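The following blocks contain the structures, represented as structure tokens.
Next, two complexes with chain A in common: one pairs it with chain B, the other with chain C.
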Partner chain A sequence: MAYVVLRKDRFDDFVSALSAQRKVMAPVSRGYNQFEFDEVHSGREIALSYIPTILPPKKYFMPQRETLIQFNSDSAEAVVDFYNMVILGVHTCDLAGIQCLNMVFSERPKDYNYLVRKNNITIIGLECNDYCDKYASCTLMSAELPNGGYDLFITEFDEYLLFHVSTQTGEDIINSVGIFEPANASHMSRLAGYRRQKRSIFNKELPVDSKDIAALFDKSFNSRVWDGLNERCLACGNCTNVCPTCYCFDVIDEPALDLTTGRRYRRWDSCQLEPFARVAGGANFRESRGHRQRHRYYRKFSYPVRKFFRYFCTGCGRCSRACMANIVLKDVLRDLLREHQ
Partner chain B sequence: MNRQILNSSHFSVERGVIVKARELSPHDKLFEIALPEGKRLHHDPGQFVEVSVFGAGEAPISVCSSPTQGDTFDLCIRDVGRVTHTIHTLREGDTLGVRGPFGRGFPVRLFEGNDLVLIAGGLGIVPLRSLVQYVISNRRDFGKVSILLGCKTPEDVLFGDEIEQWNKRIDVHFVCTVDKADPEWCGHVGVITSLIPEEMLIPERTFAVIVGPPVMYKYVIGELLKKHIPDRQIIVSLERHMKCGMGRCGHCQIENLYCCCDGPVFHYDEIKHIEEAI
Partner chain C sequence: MARPKAAFFDFSCCEGCQLQIANFGESLLDILNVIEVVEFREIMSEKYDGTLDVAIIEGSINTPRAVERIKAIRARSKTLVAIGACATTGGVNGIKNVFPLDEIAGYVYGGNFRDYETIQTMAVHQVVRVDYFVHGCPIYPPEFVAVLKALLMAIPYDVPDYPVCVECKLNGNVCMYDRGVSCLGPVTRAGCNSWCINNDNICYGCRGMVSNPNETGAIDVIKQYGLSIERIVNKLEMYNKCRELNPHG
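Up next is the complex of A and B:
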């Protein structure tokens, strides 16, 4: 459990040195308060103060499109495409999201496409000192503080960055760059003070204990709240695309123009889209938007609790920010709570 | 970007050879498939495979023959979409991709020593055929066996010649009904629930198996419950689009269950509180 310190004026050197070793992905500003994880080569490109990126870092673990099989007329081979990369500046909510995906794809039968990529990604987390905006519910989901899932973790102070070195991979990076100083007792007490102060900023966003949310869903399957969402949802699929824990996919064949070679690829799919649960005869097992929204919420707050013993919501607020119909996750939970008061 | 060959990928397919292809109806073809080097599929009745033609895609298809058939297995495929349409163009000697078998099949061990009522609606006879063949191959392991088949019209009755054989056997009771008869039809007319035999039933030693279109389950289950068959002994095979077969892609999800892994065969007591199931 080592901590090291990097003076802020050396951050640029750190990123440059890192990007000389491998690809570095980090949040960059795209204007209009929109941010995106993208490749960077210097610290100046990175937006260290950012609200959740449009897409979570899951896009590096499970790309929007990825080839599973390449084929020609005689043979077919399963393949995986990957980069050796560092994702720098991952907020604690997104670290939690990656932990969820890790569980899903490590289950048997294992998904080796995901796991090969995972093993080639180094993660550097970044602590939040305040709420991103009104949509965040990270405290309710216990994701406001670091909870593992990183190689290095940065806490930002006025004049320096404090790095928690969590794995050997992280230690190797620190050693290879060689511009860090060991943290001393005053750094550590400042970190403790910072975390204490966070406790007064991050308060449970809804009047419910996190552990009681699953029980709330146990009695909400036929709630009127879903009828309300049925009226409002546009079935665009934005909420699932931007969700750090949504992983549903479709598998599609794409023949090349020569008609003898081609690829079978996986792409993101969304349970919010009308054909998602349709079968060949035409029957659709989740025909209404209300049922599809209900399914999404149950996939966050109920079903994974039974299987993985954790919620698949990280409180990042992306689904609420991206919703064109202004369906806000916190409001939906609040409405469900009210129904049972 | 690095590209690596994945020998362990569960998306890899085996090349199955079409040993025999036979038209069952204008929309349905029966394919007999052999895996390379005489390898067996080792499936349970009621399981399914993912079948693919590279360039067209992949589709989940139930295995409609019993594992007792030997080195080959049968797939009955209706021409309804891009993949199945392409498969219909294949001929004997052609290959197709096979992954699987997947899912939980019929609990045949539990059936042993008990009476069976096997109920199929329309295309439901396709997955159920694997069980019928299995039961006939191991006939003395089971008690009384009834097979009830309901179809829209006589033209929709698949496996006519095979059904003729079942009809002739002294050790199975076979009945067929259609919603709408034609002048040549000599069988029953009416809903399938009317075929459930009254006298057969010693409820505690009867297992009922239902495979049919989604709309059929409620009525048939209701009828079986009226005859006091225990929930646990009512077995259904549910239809969903099982795209990946690994409990991940989400398409076949029924609330917290994945049809491809937890099913497609369920005991009624497992799903009776699950509103999305039937």
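Up next is the complex of A and C:
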């Protein structure tokens, strides 16, 4: 049972049945062409046609603020808050982002908070048939086509949704809802045609081979491009907070007013912020905004290649979309390329 | 352990920040378990003129009499906390400093203005040493509690030195600029959990600016969104005018 078909007029029934089983998170419209993953109870609430959400689905794997330990004056207890949930409608760029985070948090020492939550999340992917907007560079980052990392994966056609069933969890969902039909040869040939069509729409967004980008960064550390970013960046941290692969966090002990009980929690941090690399005595290892931007780019295109053998950019375009100063990732890469032509 | 003796005092302000504390509801009882409030004019009649463990100051300093009064409070207080924009940044009272002193005094008091001694508006730290800051107009109640806890543990409270955008993004809000509205979040220090934007309002910059704002970058952004620099400067002056006097106190 690799592929099954759901008539579009049954999509609402599917979501309702799913939400009766567990929490369902999906993209919903926030107006102004902005979307966000949120809990839904029916298919009508879901924006199936959406551009990347304000925050990526990483917020369900590593919440913005997350309690790690509850303590009192003589003992402490580790805490993992999690829900059994389905994230429905995850684009291929965000599937790639989750794959990156899985690698990071599976490293020893393993991050049990992340892994427990991940084990309770079912992912239903959703294919893009066209670019979301000019900021995307998913083809350059090889994230325009499904490449695993999901339980079920939806490709949308005019009158039906074609589901690829990838895991036992996905198959259990299909069986439990029971409103699917098996896919036949004509469905499969339509999928092949759809993917052929995609190849003519999704083209490498910059004139560089993906594999050569790491080498470009090897010779770009002292580039003038970073000085330009120093002038423009407001250091607001939008780019990292919306990034599907940024995972830096700060850990804070927060006592209650009785000063004997309390909790330790973590919250997202950002290398772009003024205090991030400030240490005791007031020295700052990355005082200039340009150096902080450079660090962000190296954390996407250079350092993870050495450590995890892949880029930590998925081409989703969120950092460019969210940048007040209009610092666009594709433009920065293009400028670096031009310096070495 | 005896509860530290704490007193609330107000200078030029609307007393709205003290009202925030008075309105804490049940959590006010938790606070009263850990501090002994010996003076709080807005909600009690008792006065106290002895040594204080904690003086909590609302309001900005803008008369010679206020300078003497805040110095006397400082002298008898082990710890001093400035609460609310008026106290921590000069607040809206700082707009007074936009005008020559005589001109603005004449505007307010008419021909007899010289009978009312007045000086440029200052934040509390521009007059006496301040140990803790609770920014905002009004203060954000959870931050007041966080500062109180730091004070009780005798550790510093770090006011976030990054813009409101950080907390706003973590809250998944649609950016006001994407809604076609200008907002001072990008240059205003966080710590309020983007309280206003969460409630569909813009950031007015009431917490004061981050320590190292990128002014050239901000001007680029203002131009890019087709806004007038003058209008944004006006907006910034609402809470930030005193910054140019002596930003670090």
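Note that in this section the second predicted complex is superposed on the first by the 340 of 341 C-alpha atoms of A that agree within 3 Å, B and C clash if a C-alpha of one lies under 4 Å from a C-alpha of the other, contacts with A are read in each partner's own complex, and residues count from 1 in each chain.
Note that a residue touches a chain if its C-beta (ideal position, glycine included) is under 8 Å from a C-beta of that chain, and two chains touch if they have at least 3 such contacts.
Quantities reported herein were computed from a predicted structural model and do not represent experimental measurements.
In the superposition on chain A, contact is made by A:Leu259 with both chain B and chain C. Look at A:Pro109: by the touch rule set out above, it reaches chain B but stays clear of chain C. Of the two partner chains, chain B is the only one touched by A:Phe221; chain C is not.
In the overlay built on the shared chain, the residue A:Phe249 is in contact with chain B alone; chain C does not reach it. Once chain A of one complex is fitted onto chain A of the other, the partner contacts of A:Arg289 are limited to chain C, with no touch recorded for chain B.
Once the two complexes are overlaid on the shared chain, A:Glu231 sits against chain C while remaining clear of chain B. In the superposition on chain A, contact of A:Val208 is made with neither chain B nor chain C. Looking at the shared chain after the overlay, A:Asn241 reaches chain C, while chain B stays out of its contact range. Shared-chain residue A:Val28: touches no atom of chain B or chain C. More chain A residues lie in contact with B than with the other chain of the pair chain B and chain C. Chain A residues in contact with chain B (one complex) as well as with chain C (other complex) are 255, 259.
Every residue of chain A that touches chain C in the complex is listed here, in rising order: 30-34, 36, 54-55, 59, 64-65, 231-238, 241-242, 254-255, 257-259, 267-268, 270, 273-275, 289, 322, 324-326.
Those residues of chain A that touch chain B in the shared complex are 68-69, 71, 76-84, 104-105, 107, 109-113, 116, 120, 221-222, 247-253, 255, 259, 262, 264, 269, 271, 276-281, 283, 285-286, 291, 295, 298, 302-303, 306-307.
Taken in their complex, chain B has these residues touching chain A: 1-13, 52, 54-59, 78, 80-81, 84, 97, 123, 213-214, 239-241, 243-244, 246-251, 253-256, 275-276.
Put simply, chain C touches chain A in their complex at residues 30-31, 33-34, 145-146, 148-149, 152-153, 158, 160-163, 165-166, 169-175, 177-179, 185-187, 210-214, 216-218, 220-221, 224.
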